[in-house]
Every structure is written in C-alpha cells, then in structure tokens.
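You will see two complexes here that share chain A, one where it goes with chain B and one where it goes with chain C.
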Partner chain A sequence: MTDRDKQSSTQSGLLGRRALLRASTLGIAGGFLLPTQAAETLPLWSTHSGSAQSEYGGRSAFVSDRRQTNFGNPFGPQAGVSYTPLATLNGTITPNSLHFERHHSGIPAIDPNVHSLTIYGDVKRALRFSVDDLRAYPLESHCYFLECSGNSFLNTLASAQDLSVQAIHGLLSGAEWTGVPLRYLLDEAGVDSSARWIVAEGADASGHSRSLPIDMARDKVMVALYQNGEVLRPAQGYPMRLFVPGSEGNVSVKWLHKIKVQQTPAYSREETSKYTDLLKNGKAEMFSFAMQVKSVITSPSGTMSLKRRGVYEISGLAWSGAGSIRGVEVSADGGQSWVAATMQSSGGDRALTRFRIPWHWQGHSAVLQSRATDSAGNIQPSRTLALEKYSAAGFYHYNGIQSWAVDSQGQVKNVFV
Partner chain B sequence: MTDRDKQSSTQSGLLGRRALLRASTLGIAGGFLLPTQAAETLPLWSTHSGSAQSEYGGRSAFVSDRRQTNFGNPFGPQAGVSYTPLATLNGTITPNSLHFERHHSGIPAIDPNVHSLTIYGDVKRALRFSVDDLRAYPLESHCYFLECSGNSFLNTLASAQDLSVQAIHGLLSGAEWTGVPLRYLLDEAGVDSSARWIVAEGADASGHSRSLPIDMARDKVMVALYQNGEVLRPAQGYPMRLFVPGSEGNVSVKWLHKIKVQQTPAYSREETSKYTDLLKNGKAEMFSFAMQVKSVITSPSGTMSLKRRGVYEISGLAWSGAGSIRGVEVSADGGQSWVAATMQSSGGDRALTRFRIPWHWQGHSAVLQSRATDSAGNIQPSRTLALEKYSAAGFYHYNGIQSWAVDSQGQVKNVFV
Partner chain C sequence: MFLCSCPRRLARVYNVIIVATATLALLSLSPLALSQQHNAARGNGQLGHHLQPGLGRTVDNIADSIVSPDGSALPVGSGSVAAGKVIYAARCSACHGSNARQKGNALVGGVGTLATDKPVKSIGSFWPYATTLFDYIARAMPYGQEKSLTASEVYALTAYLLHLNKIVDVEAVIDRERLPLIIMPNRHGFIELHH
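Moving on, here comes the complex of A and B:
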C-alpha cells in the first residue's frame, strides 16, 4: 500500500487501489461452511420446470424499483416530474422504463405515420421529414447523460432535507441515443448565411420550444429516434426528439415537430420566464445550456441504513456537460482527505461514468463525499462555492458536492457541511 | 472522393466516408415545401394535455417489436428459445425485455432472500454468498455481447431459408453487465494449487452446469447482478448469473447457485452430449468456448422490402469473442468490391459494435454482405470456408458471411453465394 492508501485505509476506512487488488482480504462473505455443509436439499424452484420464454420480458416479482412521481404541480399532474431510482440501479445505463421524466403538458399519443419534422425559416428550401425519411439518413449512436436543469435544487434550500438520492438527484439518467446528426438536415435545407439560431418546437400541447445557436446545432446535436436500442418511448419524445448532449434536459425538445431557422433566438416562454439563472446582481443568465461537472454517491445514500460493520462498496455517478470525466475522488471524513475512486464505463464524452471504491465501516460516524473533475479541468465545487454565483431565488444548474452523513447506528442522511 | 469511393459509388452504390461528409447531397427528404406550406393546422395531440408521468414507463401503442419464440422443442415449451428482433433495433444495447433467451428447463421463480452462491470443492474454506454479500464486493461494469453457440445455424443447412435476420441471427444481444469479478470470490475461498477447473451450476430444474478452466475463470468472468442498469431479469438469471465475456451463451450459467473447484472438468451432459463441435474426421471439439469474429447486416435484411429507389443506410452489428472489432467492410455486389463502414460504439472488448454505410439503390438487383475483422486480426470467413472445418451434422459456432439478395423489386432475401 502507498502511504496515502495506508493513511486513508486506517483513518477514514477508504481502501485504495492497492487494497482493491487484494480483495481476498475483504472478508465480506456471509458465512464459512464446513465441507459437508456445501451439499444441501434442493430449493423449491430446482424441483420443477419454470415458466417458458416470452415475446416481451418482465421483472421479478421481488423487484419493484419505480420512479418517484411528483403530482404537486398546481397546473395539474401533467406538468410534473418523475425521478430515476438511482440508489437501486448500477452501471451507467438507465432502463427506459425508469428514465426520469419532465413534461410541460403531459405525454402526447403521437401516430408516427402522421407525425413529421419541418425545417423552415431562413433556408433555401423548407423540408418536411417523416420518421421513415429520417431512418434513411446516416445515424450515430452515443452514450449520453440527460439531466434536468433543476436537478438537485433541494440542496440549494437553506436546510438539508432528509431524503433519498432519488428524490434529490433523480432527474438524471443515462442512455445510448441513436439519431440523425442535425447538420445533415440543416445542410440539405440550406441555411442562409445570415441565420444564427434555430428554434425547436415540440408537438405536445405546451408547444415547448427552445432556441439554440446554429453553431451548437451543427456540433453534436441529433434528432434522436432510438434510446437504448429500441425506438423512443412516448415519455421520451416518440417518435423523435432533439438531443443536445451535455445541455440541460429541456433543450432536448421531445416530440420534435418544427425547427425554424432565424437570425435571433425566439425568447420563448421557457427561456425567459423559466430556465434562466438569476444572479446575485439581479440580472439573469440566459441560454446557459451546459450542465456543469458533477458527481453523486448513489450508495450508501440518504435514508439507507448500514446493517453491519465491515466492507461496503461506495458507488456513484459522475458527468459533465463540458466533456468526459477525468477522475472522481471520494472522502469518508467530510472532505479532510480524498482517495481516487476506480472508474468504469468512463471516457465517454458527455456520458455517465460509474465510480467505485471499497470502504471499511467500523461503526463510527462519517461523512461521505465525491468530487468529480472533467476533461476540461473543471472541478466540482463545494456546496458553498456552488451557491455563491447565483441569487438565493435561483436553483438551476446546481452542482455542489453532496454530503451523506453516516451515524454510529449506520443511518445515512443528507447533510450540509 | 477517392478513386475507390467513386468506383464503389458508381458501381455498387455504396457511398464511402467522403460522400458521407457531404450528406447534404443525399436528397432523402420526402418533400420540399413552399414557405407558405410550413404553417399547418395543429395535429390532434397538440390540442390537449397528454397523459401524466408514471412510476414505470411503457412503449407506444404503435410499437410492437417482440421476440420470436420457438415452442417447437419436443421436450416442452420450457426448453425453447426466443430471438431478439435485430431488424427493428438500432445502436448496440438490447433492451432487457427483448434480450434473447435459451432455457433448458424454463425460468425459475427465485426468492432472492433465500438464494445463495456456494463455492466449494478444492478450496481452503467453502463459502456461501447471499445477494447482499455480493453487492458489498467491488463491482465492474462492461458492455458485452452474448451469443448462443447455435446462433445462425440455419445458414449451415443445405438450402437458404427465406427468413428474417431475427429468425436466423436473433440469438444475439448486447448489454451493459455489472457484477463481481469471480477472482475475488475464488481468492477468498482460497483455491488449492492443484485445482484446474471450476464447475458452475444453476438453480433451474435442469441443473444446467458447465466447466471452465480456472485461468479463464480468473480472467474477465463475473458473477453478474445487474443488466443495463437494473437487477437481472428472471429470464437472464435473477438474482445472479455467471457471465463469461466472449464465450458461447450457455457457459454464462443463469441462476448461478454453486461453483465447485476441482482438478478436472465435470464432463456434464451439456458439455458431452451437447455443446461440442463435431469435426469432419468424426472427432468432436470440447470446451470450444469463444464465439468467433462475426457480423451481420440488420437493415436492409431478409423479408424486408425497399419501397423506393434512393439512398438507404446499410446498418448492422459486429462482434468477436477474441477481442474488439477493428473494422467492418461492406459489399453491395456479392463480394466483388468492399468499402469500409463507419463504426460506432466500437472499441469495446467483446462488445457489440454498430457499423453503418449509406447505399444508393438504383433499382438493380444486388447482394449485400458484411465482413468483420477483430483486434486479433481474425477475418470473418465466407460461408463455404466457415463450413469447411465442421462435420455437416455440426452447427455450433457458425460465423460465415451473411448474404442478403435484393431483387429489382426491392425484395430482400437470404441467399447462399
């Protein structure tokens, strides 16, 4: 072990990479058996044939992970959200049935044979595309995160809510998105040289619309048709959505129906009355698309309870709208010392990265934190630092370090340190 | 355009990478509009709020992709298979509800609170692990393909069946798998120096069991707990399965219940009467785990019909049990000329890779083929070459090049060339 590993191992319980290589000493196994105990009576399900294969599979009756929904919006249940159950998931892919939702006027039931995308405005020729048209274009597939700009806003409040990682940070999901690079469609329409913005509008009843600078629209933006291998789900924009990698979720306009090319932004309702960032000086930042470098420990996390002393895996997600994740450090002593976590499924541009590190909990109170650094060199700030820039009334784009306190009974709780 | 691109473009219709950069000239858009046509009456679903968010999402009523199931097994429906709908999926992830299945005695309904994994035999101490025990170990996440050893066997028959890519090649899926590296558990049990094999056994009624050399078991093998982010589905081994990256699917024992460490293989039913490869000289190869370098065009593919002349995207999957995919070439003239396809989600060790290339179909008959090369330098063989090694009665591990004939009416059909 390096001196640093040894120190963190003995003090905060974090086990560095060298310790990980000697996992034989972790001693997690529940019970040692005498050789004669290895033989056992057959479990019930080994005594008879099980159910047959099926056309469309489901989950075990013992599994009930679900999105937490919030029907509290005064404008009706359709203007609400649902949160991904981050604590019970692992890896970097969010199953489509559990991807977070944020709708402004519910989920439209669109007939894909009627739906189309029209590109018009300052172009040489206005074009209309059916779903079949778009499928004939060169497609691309990439793993990307999607995060609502209001994700984690509960931690901008004055006092720490005793809630789960799902309730605080669950407006975050990861998927493999497949679609047509938007630049192909813009090129075919022939954008006028004076045009500087596109305005994308959805076919939902709210007519949700957002403006994007044309250079950004030509960069990594796609018209997505598939999510995690299958065609989009209705809740994610079926049959087509804009996908703007790394940007706040509301820019990735669902049920994409129109793209108008023009010289100015639309200054639509969603980018003036909402989705702006109120600063301390009373001004508001507009078009602040990119989500910032961020990470969160998903286990152990809020409302969980450690049932025994011993080794646990600390595991979480990291992401950045500015690029890929270069590294994540974890602290088990409230930020006094940090140890580099192991990374998996990392290196993807604007993708979720899973980080992990073993931790030996000896029954003492502890504060668990994670701190991500992205490929552009941005480091996730403390809560205090993250709040400094914005007005107390602002709550978008919050990316402060999450602190989970573990008490001597093993109870895990959201705290501000 | 390079001379090669130009040649392939004018002759077989394949459009190389330079053509792809000028996608503006593809001219796929269904219709040009007069500027005044861009305005339109609101579609029905834009006139009223849609449905609210939900705890667990579903698909559009217009989407009905399903696994094709085969209940033809004389031993009952539980000893059958289901095939992934490769033609309608895109990207590299297979949604868990559509992952292929192959069961020997149906899907057991396992209570995870009772189920355990026992490691015993030639070890210093036999150990038993609950699901919770395993979750405390250092986990890893990787995208891997899984392919049944009998996948594509229909193309080893004497005549070409007029079937879909699903029916011929659908015992293939891709997922992000998360689990405990098996070496941690073996190290903790303390493997005797004389031990050379492990024998893994499932908790299903067939007691499905396979032997693995211990060096292989220590390499990339994991006890998988999660698939595409969520805990395993029952059809994929809930609550735990062995996962042996790159190997024929039946080695990745589902509902993993016991691992016995010993000096010899078990020579179990499944590795003697089945899952051996009969050679021309009458001998049979045993323990031929690795699936070979392979690719298949998923669109256009068998039983599809091209409804118009013009540009299409040829798209497919490539994979290899020997490493990652280095490249895929596509031919539209039955193998006379080849053009390098564009790759996405590539570079993953033993993962599915998506390849793509635009193709201009001018209404002539054509034969579409793909040929993969892996990181070890293995090149996917022709059908004739692939069949040479094995007895006519053998049908496992077939990896010959797939040929899809397109006739002048646009009908696509499986052919042997």
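Moving on, here comes the complex of A and C:
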C-alpha cells in the first residue's frame, strides 16, 4: 500500500486490499449475522421438489432487469435503441437477451437458407458464401466490447440528467464473438492491389452501409456467426454480421449480405450526414471509427441509494478501442485523490474489463469517479477536456469521466464537476 | 492406432504436422493457395492453422447497390425538379414536412450554422456529396416502404431536394452523368481520419 493509498483511504474512504482487511479486524466493516432460520420454518423450496428440467432455460422469477427501450424518432419507431442494464449485471459478458440494440429500420426476419454473403467489386473473382459455407471456415472466438458511438451522449448536454447508468451509458455491451476472419474471404476473392476500402451493406430494410479501410478490414475484423456461444440473435444480425473490434457500433454491420471492394469510401449517409463529429469550428471529423478509452462506475451509480453506512464495493467497467485496459483509478472526492482499483475478469484487447475497489462510506457526501488508462497510454479525460474541441450541439464518441454524487442521505446522482 | 493412447506421442505427431504446415505456408503465402492445396490433398489430409475450405462460389450479375461519389453503380434513368416535387408531396412530406424543414428531420436550411451553438445539419449545409442522396433514398427511403421507388423517381427526388437547397436550378434534370458533377456547398467541411 502506497502512502498515497493510505492518505486516500483515510480521507475519502477508498480502501486498498490491505486496508480492507485491517478495517475488518478493527470492526469498521461491520459484522454480519447468519440467518436465524429455525428448522421448522424451512422454505417450501427446501421441502418440495422444484420444477422439471426444460429445453430452453429462463431466469428466476425474482430477476427482472430489462433493457430500457427508447424510441427517439416518432416517425420511425423501429429505428430505435435499447439500453443494457449495466447496474444489475456483473462480470464482463452481457447476456444476449440484454445486449444493447440500435436498428435503423427494425429487425429483419432473415431465412438463413436464402441469405448469403457476396464479395464483389475490385476483386479477381466475385464470390458468394452461404451461411453453412462460412461455418465451415476456421473460426475465431474473442471477447470484445461493442459500444454505440452515441453512447453517453446525455453527458454532453449542458445540464446533468438525473438518470441511471443504464440510461446514460447503456449503449455498451460485452460478448464473446465467434466468426470467420474477413481476410480469409477477401484473400479467396483476391483483392486488387489498387483497392483501399470495403463497403459493407446489411440486408435490413435500411440497407445500412459503412465503408472501412481495407487495412482495418484485414486486421481483426470478422464475419461473426455466434455470440456468447449461440448463433447470433436476430437483433444482433442473424445469421451474420460484420464485427469490427473497438470501432463505433454501427460499423459492425448487422445482417451483412454484401461487401464491395473499391478504391474510395462510398461516403454513405451514415458516414457523412450521421456518425461524423462536428467540431466547434464547424468542420466535422469523418471515419472516426475508434471508441476512446473510457470507464464508468456501475455501482453505486445514478438513482441508487445507499441504505446503510459501512463498506461498499465500488465496481465498474472499463474499455478502449485502442487496445486493452492498463488500469483504472477511482476517486471518492471528486478527483482530488485517486486510488488504483483491482482489475478483474477479461481485460483483453478491446474487451470490457471489470474493476473493483472497496469504499467505506461514513455518511458524508462524496463524488465517485473512475479514470481508465489503456495499453496505448491514453488516459480518460475529464468531462471538460472531452467536450473541449467539439460542437456544443453534440457529437459522437464522448468518453469523459463520469461523476456520481452521493449525498449525506445516500442518494446517488449524476453530476458534472 | 497411435491416436488412442499416448499424449506425448500424439504431441510429437502434431508438432511434425505443424512444422510441415508452417513450411507449406512459407512456400505458398496466400490462404487461397493453401485452400487449393487443401482441396487437392486427399487421403490422410492435412492439419494447420490457416487451411480453408475455399467454398466461395463465383458469381456474376451482382446487383450493385453501393453508389459512390464517382457515380459508380448509378443506374439508368433521370428525374426533374418538377417531377420530384410531386413525388416528395406524396411519399416524403409526412415525415419531413411540406417544406422539408421538419424539426429533427430537416433536409433544407442551416447554411452557415455549423460553427454556431445551434448547428443545423441538412443536405445543403452539411452533406459533402450529392451521390449520397441517391444512394440513401434508393436504399432506405421512404421509411417503411424502402426500395419501392424507381431509379427515375429517386433521381427526381434528388433533383428536387438539391433545388430546395439552392444547389441546382428549377429546370434541372438529374441522371447518372450529371449527379457526380454536382459540387456540394460543404464538400470541404470534413477532416477524414482514414484515407
């Protein structure tokens, strides 16, 4: 434990590992009582057989977390989003039923026996692959995060919204994706030496299309067929999607059915009119694919309330489109002092990382923050710094530090500091 | 067979195969070449990291739906501002407004606002390429009736929207030759982070 840790521990209540153990022996962490359950009051589930096994599992009737849906466009209710319940999940894998969604014209009901992937344009031979064809290729499995480029947009507004981590940051999920490295298919088609871009197009009604530099397309991009061990869900691109690790979500084109190889980008509507980042000077950044280094405390977080004084675990997620997460620091005093959190689970290249640190809350007001550093040395910026060069009217890729204020009553609220 | 019992021996066999495959990879470089060799290989088969089945089937007559600024994939057909005005009223105005300035769905206006606190990103103020209009209308509009417009109807709507934004005059007729020649006002308003 460093001197800085010791100081922070006493002042802000953040506890390093050794400090927590010492706190326990001193009694400040509080004891716990075993349930005083007498044999004669055993619950029903301990005395009667439960329900039978099933062909497809469900969850406990006591678990009710859901995606939060938001149909932003009154003219296009299927062109909406749904937010992952980050506060109630733990670890780094988002269950497929709770993975965030963003669709531009609803979820198509694709027959995999009809659907195919065609690679054409500046190639030696245009090729078509069925879903079964692709399943026969050498597959790779990797854990990656996926984040909508508009995630956390609410924190770019002028005033802080009193909302949950789900509502503010829930366009973020993590999964294990399994698919065919795209370079295998590009090589089979034989890309012309003059080609510089691919343009991927979805089979949904919006025909969502994005251009990607061919060097990126040949790197870690895959045609994903499976998510967390099962075939893709329709909402995530069944039967196949492009997956571009670390990039803004909509580049990972769902319901992928065509890839055109060419010398220039297509400059599609989604990469010019939308998903570009307007700067204060009126110019806009285009092809800003990579999601920047970022973290958020998921517990305690906005709209929660602390019911007791004592030791809590501060826990959250960190990720970066530039690599892996090197570390996360946590502050309980609005950024005056920082303590390194313990890094847990996953933490691979462009994957979600879970961080944790114990915190002794003594009933005083506090401001909880987390600050991630990635393997490329990028440090998550303050909100002020993150907003600095962009138009006040909003942009994509916001990655400023999140501040959760805890008041003396234990109410947790989104604030700007 | 030796596969049944001895892990050490099995590991040796795999090592030999991996070395052999690595040598093969060095000799042939491209996965396609490997897949062809794999297809040709019979009998005991091969093992390796990049062996592929080579299942892509050659196709021609592909419907190319990706329209780029050079005009590639633009279809035959043409449309006038006048024709576009009629189609717009019937197919577009419900969502975009009779004057194409529906809040949140504005297609017109906002020129000179990009560097202000209330930028309006419309076709005229923001879009860098006119070909994108054709590409997007053809693939994604009208919402809920996507891909129901003919090529000439899409050219007409493109002409009408460009006219509303004061980019072409009222007599304009747009087709695959003329569309790529139109220079949009915000053509140089972007910083491309990848080339």
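In the analysis below, the second predicted complex is superposed on the first by the 390 of 417 C-alpha atoms of A that agree within 3 Å, B and C clash if a C-alpha of one lies under 4 Å from a C-alpha of the other, contacts with A are read in each partner's own complex, and residues count from 1 in each chain.
Assume contacts are C-beta pairs under 8 Å (C-beta built on N, C-alpha and C of every residue); 3 or more make two chains touch, one makes a residue touch a chain.
Note that the coordinates shown come from a computational prediction; the quantities given were computed from them, not determined experimentally.
Trainee: After the superposition on A, what does A:R128 contact: first (chain B), second (chain C), both or neither?
Mentor: Touch status of A:R128: both partners.
Trainee: Residues of chain A touched: more by chain B or chain C?
Mentor: B
Trainee: Which partner does A:T47 contact after superposing on A: first (chain B), second (chain C), both, neither?
Mentor: first
Trainee: Look at A:S273 in the shared chain and tell me whether it touches chain B only, chain C only, both, or neither; answer first, second, both or neither.
Mentor: second
Trainee: By the touch definition at the top of the document, which applies to A:F153: first (chain B), second (chain C), both, or neither?
Mentor: Touch partners of A:F153: none, neither chain B nor chain C.
Trainee: Classify the contacts of A:P213 with the two partner chains as first (chain B alone), second (chain C alone), both, or neither.
Mentor: second
Trainee: Answer with first, second, both or neither: which of chain B and chain C does A:E313 touch in the superposed model?
Mentor: After superposing on A, A:E313 lies in contact with chain B but is clear of chain C.
Trainee: Output check: A:F416 vs chain B and chain C. Expected answer is one of first, second, both, neither. What do you get?
Mentor: neither
Trainee: Applying the touch criterion given at the start, work out whether A:Q262 contacts chain B, chain C, both or neither, answering first, second, both or neither.
Mentor: In the superposition, A:Q262 contacts chain C only.
Trainee: Quick one: classify A:R233 as touching chain B (first), chain C (second), both or neither.
Mentor: The first partner, chain B, only.
Trainee: Using the superposition on A, tell me which residues of chain A are in contact with chain B and, in the other complex, with chain C.
Mentor: Residues 76, 105, 118, 120-121, 125-130, 133, 136-138, 184-185, 187-188, 190, 205, 207, 258, which sit in both footprints.
Trainee: Under the definition above, what is the set of chain C residues touching chain A in their complex?
Mentor: 30-32, 35, 49-60, 62, 64-70, 72, 94-95, 104-105, 114-115, 117-119, 121, 123, 126-129, 131-132, 135-136, 139-140, 143-144, 146-147, 189-195
Trainee: Would you tell me which residues of chain A are touching chain C in their complex?
Mentor: Residue list for chain A touching chain C: 73, 75-76, 79, 104-105, 118-121, 125-130, 133, 136-138, 183-185, 187-190, 196, 199, 201, 205-209, 213, 216, 258, 260, 262, 264-269, 272-273, 276, 278-289, 391-393.
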